[in-house]
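Pasting the structures in now, so scroll down.
Each of the two complexes below includes chain A, the first together with chain B, the second together with chain C.
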Partner chain A sequence: MSGIFASLLDGLLVGCVYGLAAIGLNLIWGVMGVINLTHGAMIALGMFGLYLLFSSLAVNAYILLLPILAAGFAAGIVVYWMAVYRVVGRPALMSLLSTFAVNMMIIGIGTTLWSTSPYNVNFNLPGISLGPYTFTGNHIAAAIAAVILAGALHLFLYYTRFGRAIRAVADNRDAAELMGISSTRVLMVTFGVGSALAVASGGLIATLFPFTILSGGVYQLRSFVVTVLAGLGRPVGALFAGILLGLLEGAVTPFIAISWIPLIEFGLFVVVLVLFPRGLFGRNA
Partner chain B sequence: MIFKRPFFWIVIGVSALLALLPLWGNDATLRETLILSAVAVILATNLNLMIGYTGYVNFGNVIFFGLGGYIGLYLTTVRGWHLITAALAAGLAVSLFTLLFGLAILSLRGAYFALATIGILEAVRAFVSNFAPWGKAAGLYVSFAVYQPLGGPMRAVWLAYFLVIAVFCLSLLLSLAIKNSKFGLALFAIREDEDAAVTLGVNARFYKARIFSLSAFLPAVAGALIYFKSGMIDPGEAFELTVSIEVIVMMMLGGQGSIMGAALGAALYEQLRGYLLTSPSLSHFQLVIAGGLLLVIVQFAPGGLIGWLYRLVPGARRLFE
Partner chain C sequence: MRRVFTLFVFALFCWTAARAQQTVTIGFTVSNTGSLNVDSLEQYRGFELWRDQVNAAGGIKAGGKSYQIKFVTYDDESQPQRVQQLYTRMILQDKAQFLFSPYSSGLTATAAIVTEQNGKIMITTGAAEDKTYKLGNQYLFQMFTPASDYLTSALDLLKAKDASTQVAFVCADDSFSSAVAAAGKAYAQKIGLKVVFDEAYSPDTTDFGPIIDKVVASKATAFVGGGHYADGATLARQLYSRKAKLEFLSLLVAPGSPKFTELGNAAFGVTVPSQWEVQSAYKPQFGPTGAEFAKAYQAKYNSPPSYESAGGYAAGLILQHAIEQAGAIDTAKVASALNSTNATTFFGLTKFATGAKEHGLQMGHNMVLAQWQEDKSGKLDKEVVWPAQAQSAQIVFPIWQGPAKTIAQAKQAK
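Showing the complex of A and B:
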């Protein structure tokens, strides 16, 4: 009985990180209508960014999230001008393909630099013991960092002038232009923020599990599941959907073989997409 | 009439040439090169029916090929069916499967449909990885005995080659026939403006499900043939999202919506990939180069190579469409 309790608590902690990974995807999709297929590559870059910084500086891995966030923002802006600027507002196929093209390039370069063998960040915070179970400090710290970043995004979107501009462009780009908002600048910053969050979640995941350059793809797919559960344009709702997914994984892990979990997740994904296209937490039409 | 189209006779001629060329001198290397290109063309032209004609982006197109391969390999090795009946059965089974899924997810449009196909791809991969009769994650293997009724492995491989060329020919003719039919017109109407098409009396739901299922048939048959020829299949390789996207790249490279474009793009991309993979200095950069190419096409030449050619030589359009 307490086995499932531990498994659920673990799912809750990991779910926070899943949620953070999905927030960037959800923000970009909701505001600019672009499904960002560079998301997985950005997560992978975050993993390797943290790995490289940690192995050269050897300070607390969670402090290194700050330079990683800044680098992710810059990378997002580069990708925006390379691949996204020309295809915003065009058919879905165009933005899917141009972001996927950048994804291929990043993965190609990453594979050349680091091959596809696994890496891990050798950093461990002391854990907390709860009866017979010990929760590693990294899981707890990563979950806290994810919640802080999600909260910061919420404050930015709802309590700053620029956040209001982002929400205005998401609602109606033309109307926002007429009110004097430079929508290109808003979209660029949105893409930067979304990428920064993806990169940061990659950094957090790197402190939890071993990773390869291809690992980002797995978390990108999971981010799709979370985004669809949360509903579009609800970035912070994605945190709760991520926790839901983590809890679901925690709840089924003790009972079935791990290899069946993707079938459950993607089955759920397709069913929710067809039956609740606005997401489980979405507003009604 | 389709027989009056010059493109019909071009397809017949090219297919005959492809079938005869490697026979001359029993050239196995040439045969392997041609079979890869033929498969690329089969996948790209059938995907073109969904994306180019109807405007629905299918990221799960590799499912057709992989599932066809699994069913074909299962029927030939475990059940002892003949290759031709097994391939046809695989095609029918995958078409039926696609029809059922199509009826469920084709109410989604645009990016939502595209995402649902990714979800189905991952779900199918996870299912097959756990499905005991199909060997779970290890996959299926062909035992040598399977080749005996076909007159030994040598003859079996040649038989598979001729059948793939036949499927290649049928794929191009199917695209041509649909393009020149009322069915094709309905699809184009859905692509341009689905709501307007429905208002004018096009039964969009029915047409979309039909083309989705139809676009699955020949790739599934080809999958059964190819995996029979290569002798093994496993879920990681058979349901690889990257392959789906490569097929989209082929189609975009040549020009979506155009039969000749999709075929040309597929053949070219396959050659390019073969060159990059074998070139020692560039093999690591295969993805980088393919990605850069895709990026340039999407942003600056959405009509693909064929769009550029038609602008250059206006008469070519009448010959190839």
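Showing the complex of A and C:
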């Protein structure tokens, strides 16, 4: 198997996880216009959540994603009431500052509890080898789990009553209220779901790479790039945008030093903002 | 009567003053947080064990006085800006008379600027980069073998085992690892080894998949590189899970730590250029033997010492020896004693360059190459495989054959 195909396949697998990591940010931003700066901290909490559960219970790490999703949902609700409830609909700077404050609190508490030494989840699935290249079982499982979770979100948003309510509030909050939808409850659940997905993506990332409480920052930045690429309005589009980003990385890395990758990613960010301001999958405003 | 009484009080005062406990204050920072946490803590434990043992024995004895050792330490968060602030503080506010370096060449380079500006002696350990000592200094003294010599033994051994091997150099782009890589590459080419891949990565990289794909594509059979603990351990794990079929794997720093056993099977066969291993049986002129040091360390910290810990303890020993030789804690006298140091401790021979061009560079100390192997019960253990004088086991080569072969090979060799 040629190096470029191996690299593209690796990019595809890790791109699924980038995509899942971005869906939560995309959902919250699209529905309530809040740029959630606790996103990175939630991803990091997901990493530690999986680590702590896995260390104390000898259970398959992917099954542990279920309690992690539930805990992420609950954490999102808490953050919503703490920092977001009063700033929805207000100028964007207020929600940026208030979510940033919660982010710093989470990182401060995390640093006190776990310092900044790297942690690992020692759970390994056997990989698949194609020629001299091996694709680790963890990467394949993480990509599959990401696609399943994104699919579940799509079903929730498009095939359930509450999902329809969320889309209604995203379209026009006032009109939705007039139709009898409790927008506060919808926004609260949306924030919870967005956080749950961020936390779950953190759990998946923990099975792939070492992490510290500060590791969420890199994925938060990447989530911004993916969200801009995907556009607002179709959160599941973020999965495809993430895959696209992963494929771009895979296409480029065989030919250049990997230290150039952030330049490529953020260059793409700027190009998309200029040429496709609504993103590739965004709905018209 | 009053005169007699006054004289008596005065005499009593002089006598108690002379007998009062003197202290010598040593300042240094520890990376309690940040990416250098693991290695820095191991270095700190070396300092701490030395201090506790010396103070328990009455302190450093020089010029008829006994000095209790007092440490002044802060968390540098693995950040150069914090190192600069904190070393300035330790010298000017906390009145530290001597300094130890932080862990890592990068942070030490920053600390060296501050200590030289203030004319204070700093014994550096955990800092191998040569450049720091070539900028003109008077009071820097390096314990570690310089970075330019790190890979010499590993590459000599590799050439002896398989001269047709193809080498990939993949190092972190911090100052220490880059210095080691540059010297290593030049030496590899000099001895006729083929270098097929050469790339640097940012020290906070966690996804080595793209680099490993490139290493596999280059058909490399030997892998040399790494940086410090975090990235080195991650590289080892990912090389193992991606089944990069290597006959030789040498990583800097990380495999030297006892924490490396956490990697399980991924640790097997990994070699590390090491500043010290417990099997390095030097006969010390003063201080404990290697075995005594390791035993005391194990008893206190419930973990075997790494070479960072040994370097920390040895730094203390050498400073103590210099103070005793100088008979004072005066900077100029101790510096002169350090310049003429030519002593063997459990850590090896310590001798500093004294010329103006590279003052303080370590001239006497030698590296060994250690490898993680499995003993007969299947437990992971580090053995010294090079040089022959310090060897405790034959090298496992090629490593991709896996653990089952080791036991057979070990039986054959013994």
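One rule holds in what follows: the second predicted complex is superposed on the first by the 281 of 285 C-alpha atoms of A that agree within 3 Å, B and C clash if a C-alpha of one lies under 4 Å from a C-alpha of the other, contacts with A are read in each partner's own complex, and residues count from 1 in each chain.
Everything below uses one rule, namely that a residue touches a chain if its C-beta (ideal position, glycine included) is under 8 Å from a C-beta of that chain, and two chains touch if they have at least 3 such contacts.
Computed from a predicted model, the values in this text were never measured in an experiment.
Student: What is the contact status of A:I35 with respect to chain B (first) and chain C (second): first, second, both, or neither?
Tutor: After superposing on A, A:I35 lies in contact with chain B but is clear of chain C.
Student: Would you check which partner chain A:L221 touches, where first means chain B only, second means chain C only, and both and neither mean what they say?
Tutor: Touch status of A:L221: first partner only.
Student: Touch test for A:L96: chain B only (first), chain C only (second), both, or neither?
Tutor: First partner only, chain B.
Student: Could you look at A:G180 and tell me whether it touches chain B, chain C, both or neither (first, second, both, neither)?
Tutor: So A:G180 meets neither chain B nor chain C here.
Student: Looking at the overlay, does A:S259 come into contact with chain B only (first), chain C only (second), both, or neither?
Tutor: In the superposition, A:S259 contacts both chain B and chain C.
Student: By the touch definition at the top of the document, which applies to A:S129: first (chain B), second (chain C), both, or neither?
Tutor: Second partner only, chain C.
Student: Given the touch rule stated above, what does A:F211 touch, chain B (first), chain C (second), both, or neither?
Tutor: Touch partner of A:F211: chain C, not chain B.
Student: Applying the touch criterion given at the start, work out whether A:E249 contacts chain B, chain C, both or neither, answering first, second, both or neither.
Tutor: The second partner, chain C, only.
Student: Once the two structures are fitted together, what part of chain A is touched by chain B and by chain C alike?
Tutor: 111, 257, 259, 261.
Student: For the complex, which residues does chain A have touching chain C?
Tutor: For chain A paired with chain C, touching residues are 3, 6-7, 10, 14, 111, 115-118, 120, 122, 124, 127, 129, 132-134, 136, 138-139, 208-211, 215, 249-250, 253-254, 257-259, 261.
Student: Okay, in this complex, where on chain B does chain A touch?
Tutor: Touch list, chain B to chain A: 51, 55, 57, 104-105, 107-108, 110-112, 114-116, 118-120, 122-123, 125-127, 129-130, 137, 241, 245, 248-249, 252, 284-295, 298-299, 302.
Student: Can you list the chain C residues touching chain A in their complex?
Tutor: 32-35, 37-38, 78, 173, 199-202, 205-207, 209-211, 213-214, 216-217, 230, 233-234, 237, 241-243, 245, 262, 264
Student: Please give the residue numbers of chain A that touch chain B in the complex, ascending.
Tutor: For this pair, the touching residues of chain A are 33, 35, 82-83, 86-87, 91-94, 96-98, 100-105, 107-109, 111-112, 217, 221, 224-225, 228, 257, 259-263, 266-267, 269-270, 273-274, 277.
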